[in-house]
Amino acid sequence: MQKERAEGGLTIEAIAERFEHVRAETERIVSPLQPADFEAQSMPDCSPAKWHLAHTTWFFDVFVLAAFEPGYVEVDPAFKVLFNSYYTHVGERHLRRERGLLTRPSLDEVQRYRQIVEQRVRTLVDRLDQWPAADAQRVLSRVLLGTHHEQQHQELLLTDIKHLFSRNAINPCYAPDDGTSPTGTLTPVTYTRFDSGLHQIGHAGQAFAFDNEGPRHTYHVASFELANRLVTNGEFTEFVRDRGYQRPELWLDEGFATCQQLGWNAPLYWRGAPGEFRQFTLSGERELAPHEPVSHVSQFEADAFARWAGQRLPTEQEWEVAASGRKVDGHFLRSHQVHPRPSLASGALDQLFGDCWEWTSSAYLPYPGYRPATGALGEYNGKFMSNQMVLRGGSCATPLGHIRATYRNFFRSADRWQFSGFRLARDTR
Amino acid sequence: MQKERAEGGLTIEAIAERFEHVRAETERIVSPLQPADFEAQSMPDCSPAKWHLAHTTWFFDVFVLAAFEPGYVEVDPAFKVLFNSYYTHVGERHLRRERGLLTRPSLDEVQRYRQIVEQRVRTLVDRLDQWPAADAQRVLSRVLLGTHHEQQHQELLLTDIKHLFSRNAINPCYAPDDGTSPTGTLTPVTYTRFDSGLHQIGHAGQAFAFDNEGPRHTYHVASFELANRLVTNGEFTEFVRDRGYQRPELWLDEGFATCQQLGWNAPLYWRGAPGEFRQFTLSGERELAPHEPVSHVSQFEADAFARWAGQRLPTEQEWEVAASGRKVDGHFLRSHQVHPRPSLASGALDQLFGDCWEWTSSAYLPYPGYRPATGALGEYNGKFMSNQMVLRGGSCATPLGHIRATYRNFFRSADRWQFSGFRLARDTR
Amino acid sequence: MQKERAEGGLTIEAIAERFEHVRAETERIVSPLQPADFEAQSMPDCSPAKWHLAHTTWFFDVFVLAAFEPGYVEVDPAFKVLFNSYYTHVGERHLRRERGLLTRPSLDEVQRYRQIVEQRVRTLVDRLDQWPAADAQRVLSRVLLGTHHEQQHQELLLTDIKHLFSRNAINPCYAPDDGTSPTGTLTPVTYTRFDSGLHQIGHAGQAFAFDNEGPRHTYHVASFELANRLVTNGEFTEFVRDRGYQRPELWLDEGFATCQQLGWNAPLYWRGAPGEFRQFTLSGERELAPHEPVSHVSQFEADAFARWAGQRLPTEQEWEVAASGRKVDGHFLRSHQVHPRPSLASGALDQLFGDCWEWTSSAYLPYPGYRPATGALGEYNGKFMSNQMVLRGGSCATPLGHIRATYRNFFRSADRWQFSGFRLARDTR
Amino acid sequence: MQKERAEGGLTIEAIAERFEHVRAETERIVSPLQPADFEAQSMPDCSPAKWHLAHTTWFFDVFVLAAFEPGYVEVDPAFKVLFNSYYTHVGERHLRRERGLLTRPSLDEVQRYRQIVEQRVRTLVDRLDQWPAADAQRVLSRVLLGTHHEQQHQELLLTDIKHLFSRNAINPCYAPDDGTSPTGTLTPVTYTRFDSGLHQIGHAGQAFAFDNEGPRHTYHVASFELANRLVTNGEFTEFVRDRGYQRPELWLDEGFATCQQLGWNAPLYWRGAPGEFRQFTLSGERELAPHEPVSHVSQFEADAFARWAGQRLPTEQEWEVAASGRKVDGHFLRSHQVHPRPSLASGALDQLFGDCWEWTSSAYLPYPGYRPATGALGEYNGKFMSNQMVLRGGSCATPLGHIRATYRNFFRSADRWQFSGFRLARDTR
């Protein structure tokens, strides 16, 4: 196989470059952390930064090196267990909720693990031009998957650090606010109409996508209207003021029960009371900015707000119909300024990509004809298709180049620690 | 309004007759119970029989009499709270998991409550011929809703009694097996093919349906094949023997976690070990009958079995496409013999109605354009549209006349105390 | 053995008469109940009245008839499991927290079980005059134990019914207040001084006592002073008003944590707020009577009140020193009026017996030299000697003839559903 | 006040020297740790090493400097909350179970906090010779308390590190076994008899003791016999082999329930099965040494073993009678070899001090006449006097100079992460 040209679209050089870029970006993300910040796990859903560093490396170790490297020898036999997230095909794994107890191996050892595996992946990829093309493609597509996997963890690194810092009364700061968030007049809410009809939903083509984005299939969408921007902190404050958290009629039954049980009365990271709300951010605690999109809300809160507003959440198909064919542009993870920004554009359909993941009203279920891969990688997405809801569009913590219109993220209805917001939709009259 | 003819299809006489029939049927269902059997609540999901008797009456009391009866006076002010299930619009309600503590009012008092409300509903309906037609129609449709509501509770009465009796080491018998279950050769599994295309899904027309069955809407279904009968106890035993409950790769992640946590290793009510399984039924404990449909499985178990068998569960739309236009016939609640029966037919697509509710792979979500009713009755279905899965077709505990092809039942993926089974589906090649 | 005269103090006639009396008293206690009231279990610590009726009979069945009756045949083999409370030597037992699910056997069957066993015990005892004296004595002491066991359950019957009724919004009434509670001037609090010295603590002599009351042993008690009556509702209201439930410095650490976790802000069965407190009683809900002893408090609350008042709880030895040699007199279970009464006496040391069990500061532990009986009856008391506290003196629900100065009752520090109150003590200066 | 001579026994020089010694010892204990090991909290009962370092410093900061230092200024206002353990008088405190989330302040900052406070305490103490004697004494006794407080945390540092390391599959080693544990013939079990009589129990005199060790009081002890050494791993293995963990009749009721619920079938840190038991130690995992004392057992297990062996646990008074007047000598925390050692002495009453804390049958309750100090330090011991059991004698993790015959340690009956063992006692015949 030639380096420059690969069948199926994966060139050795493009993959090698992406690999370098993604690995370096992970290091950049953790660069503001102090050593201790790498170690703690603030809740079972989160993982320590050190674990993210190790696990993303483990992924290349197990699914690339162990599978394809000639004469493969493992770096450390214990790592197979310690840094396995959930792949039962790979064997035993360390208890998820006790990841914060792995003070050994040390951060230095994990960094060394990263370097060794990285170098060996580089060497392997570098020599693929001497492999039969089909074999080389198999390796390349695994490496590519590994980079996308690592990009998913880049976002989790940031949301997990944010959650950890939020539990500390001294409000640690990941990176100071550099004042580059734009200001101006908030885009007024308008609705864009989409006509009813048959659409092709899901990923098609050679470019990378996760298995859960396909197969592409025909879907009938009734006409609908979609709000042109995300719901803001200011709008959500009105819901709070109107006793939205105290009125069961606005909520799904399970949502209100969750709300009561967990004592919710505002989005996660909001502090204080209406009129003087403050917000914990990756730049520390500060005043709530009314024009910024509301984030860190559960699907239950998004749904209740929509009912209160006399609207509803869009389905994932509606969202995809609206986003399909548009340029993937927006406020993504590019600097250490990881916080959603206000919509100041005057045009239609702003913020579809970036800023906040958008809750939909769709359950995360397989598309018609979906079949997971065989072996351990079949566990990547398929086994989580129960009792979770789909989010679309990426957030301010999503790396550029990782998101697309067909991308399906998923969390439980009550989850709040992601940069999750929402936009409204409505039926046409 | 004339008694014989009503606009919109609801004649006074038909409704009056249905009301009499349903109320009498409830009494017939509880007739084998001893007084103490009416009182106990075996888990928070279940309710005591006495509570079911009272709550179905409360429904007519609050939504028919209080709303429409001239000069309405309540039978007992406490009942409004004690027998409210989940209608927050109606006000306070007794704690669901403590329904078994309501030793007062006594069963006699509840029966008296039934009779009083019943008589007042009768009188009200009887005089509707002197009401303006539109007003009369409103009353009639509420009474009709009340009868369907009561039919839902008839099924719950039976499944709740079964659960209660199953917790008693002396294996109480609701009604002895009368030996009328048919025997013969089990229908072999074949698959019926359905072509891809646009379908109208959901209820249409004047006949009664719950709000969650509409609006009728266009849905694109890809071609698929559907098994002609339910999976049997014998087939499910093979799954158990093949260590199905011990193999995480066969399960949804949440399903396997549930399985481990609750110690499942067979369907609910199965006792003993493979080769000598016994089963608790409403006729007491007896040998597991291999040709009978497997019942009392969760959606997680149904999904795992399907994966083990190399197939999948149907979506609710696929099921409806298959069932649509067929005669609603099958083994329903007609006698005290409440247990699913084997498929001995040789033809295609047996057991679509009756025997066991069929788990689908569809989450219980609103159809496009769905809007709940205003007021308390808007809470009937809509607020439960989160993290539940759809079941179709009714069971051996479903009253005849209550089920239709568009009927959407819903339970959580882990629920097992209903007569829940499943049939397999597969993609076409 | 002669009927009139028995070695060791147990005459056949006295035992037979006690047996008749106790069994009849149990029937008298449950006489105000409606059939459904017999069935429900309002929390795991409580048991349904039907279960109490059956279990007290089971005790005679297993420990008297099965042990001594010639040609013993069991009434029903299932009862051995269903009505065993906690005797692991006897074999399997029904799950404690699911006693409310035993709708079968019916109350009628349980009553029949009572009558059959009762008659067979009568017959057995009646013929003991023809047995060798030592053997007859063994039977008699078991029957005697059975009557004391049943008297313990008489008190539990009442406290369990009270708890059950308290969970019902319609406030069922066990027996109407007959207005016989005395009124007058509350005894002012004074303290009686006891000098330091060696005392004999624990039961001695031939009369009946539980094994945990012995062996009698020497104990050195430092000088102390003991309040002459129980703390009252009025006094406890002052503690509530003074924010006693909100001030951690008044509480044991575990006590305050319990208080926060369970949301306590007043004794069990108090309703409303200071100034308008109402109280649920076995005669329904009524105004809180300030002169009545406070009851249904945990040891944690008693201890916090004592600290707030600058005093302390007495040890069980101090209490016994004070009570020893006094006449066992007070307000006991004699009628259906089961509620503590105010101290209106002017003299010293009132209410030592009856009204409310008195929390002490002593852990429930074995006395020096304690050895449980061999076999199942060794489980009667000994295995509960961990993490419980001693209460002394009996209550308004304790049958006369059941209590003595050496009697050691025991509950967990957080338990509140017994008629538990307290009196203060203090060191001498 | 002169430096050399102080009223009441506290000389400035002695206290200053003790302060230096204890602070240095803490640093020595943590010297084998890697940076990440300082951060993690493996269960709510444990604390991160960094937190121990900070909290022991906080104690001097709040109770010495803030109370007595002229012109006191706090090092960091946040520390008052972050490093408060349980003193409600001092104000708010960080959630106990989330101590592992305090990645900030960093270890370096905590070390700096230690140095600053240390230096300021040194300066304060150094100048006390110019203070009025009574004032100086108050300061000195607080500093002395602070050193004893820190010694308690030295032991916890070690048991918490052991627990943390035990949760890591790679079995981290705190310090390699240096092979200095003595070998030889195990002391055979004999019993020493103590006659009945009045004893003075509790601390007396000028030397330091915690408030819960007094007041000294008269206590009558019946004659008893005490085993001359601790129960060994080998003896405990016999209990395991004899199905001790499966036999409810050997256990307190709450003990067996705990055992079932937590799945205990051997002491904490034992791995494998009888015949091949291995043990996790601070030197990593190794074969179980049969002659070493059994450690890391709960009081429930100790009690069950004693019942199985036909003996019992001693009371705390019996233990004190036996230990009183003996030289405080044994295997304490002197090196990094923190593991109990076998009794190879031939004489009577070995291992009373050191090796393992010894569970007694006594509940942790106040001695007659006990009064906690006023203010925050009154919370030191008194508020934990509920539902805990007394342990005596210190362990291999207890610093020399910290333990005495009257010392009362206390843990809950189910706690196992301390170096807790036991010796047997019995009544005399």
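So that you can tell them apart, the chains are marked A, B, C and D in the order they are listed, and the count of residues begins at 1 in each.
Here is the rule we use: contacts are C-beta pairs under 8 Å (C-beta built on N, C-alpha and C of every residue); 3 or more make two chains touch, one makes a residue touch a chain.
These numbers were taken from a predicted model, which means no experiment stands behind them.
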Joint neighbours (chain B and chain C) are none
Whole-Å distance, C-alpha centre of chain A to that of chain D, is 47
When centres are defined as mean Cα positions, the distance from chain A to chain B in whole Å is 38
Averaging C-alpha coordinates per chain, one finds the centres of chain B and chain D separated by a number of Å equal to 60
Among chain C residues, those touching two or more other chains are none
Listed by label, touching pairs are A-B, A-D, B-C, C-D
Contacts from chain B onto chain C in the complex sit at residues 34-40, 42, 50, 78, 81-82, 94, 98, 100-107, 164, 167-170, 172
So, in the complex, the side of chain A touching chain B is made of residues 86, 88-89, 196, 198, 217-220, 222, 248-249, 251-255, 300, 315, 361-363, 365-366, 368-369, 379, 383-387, 413, 427
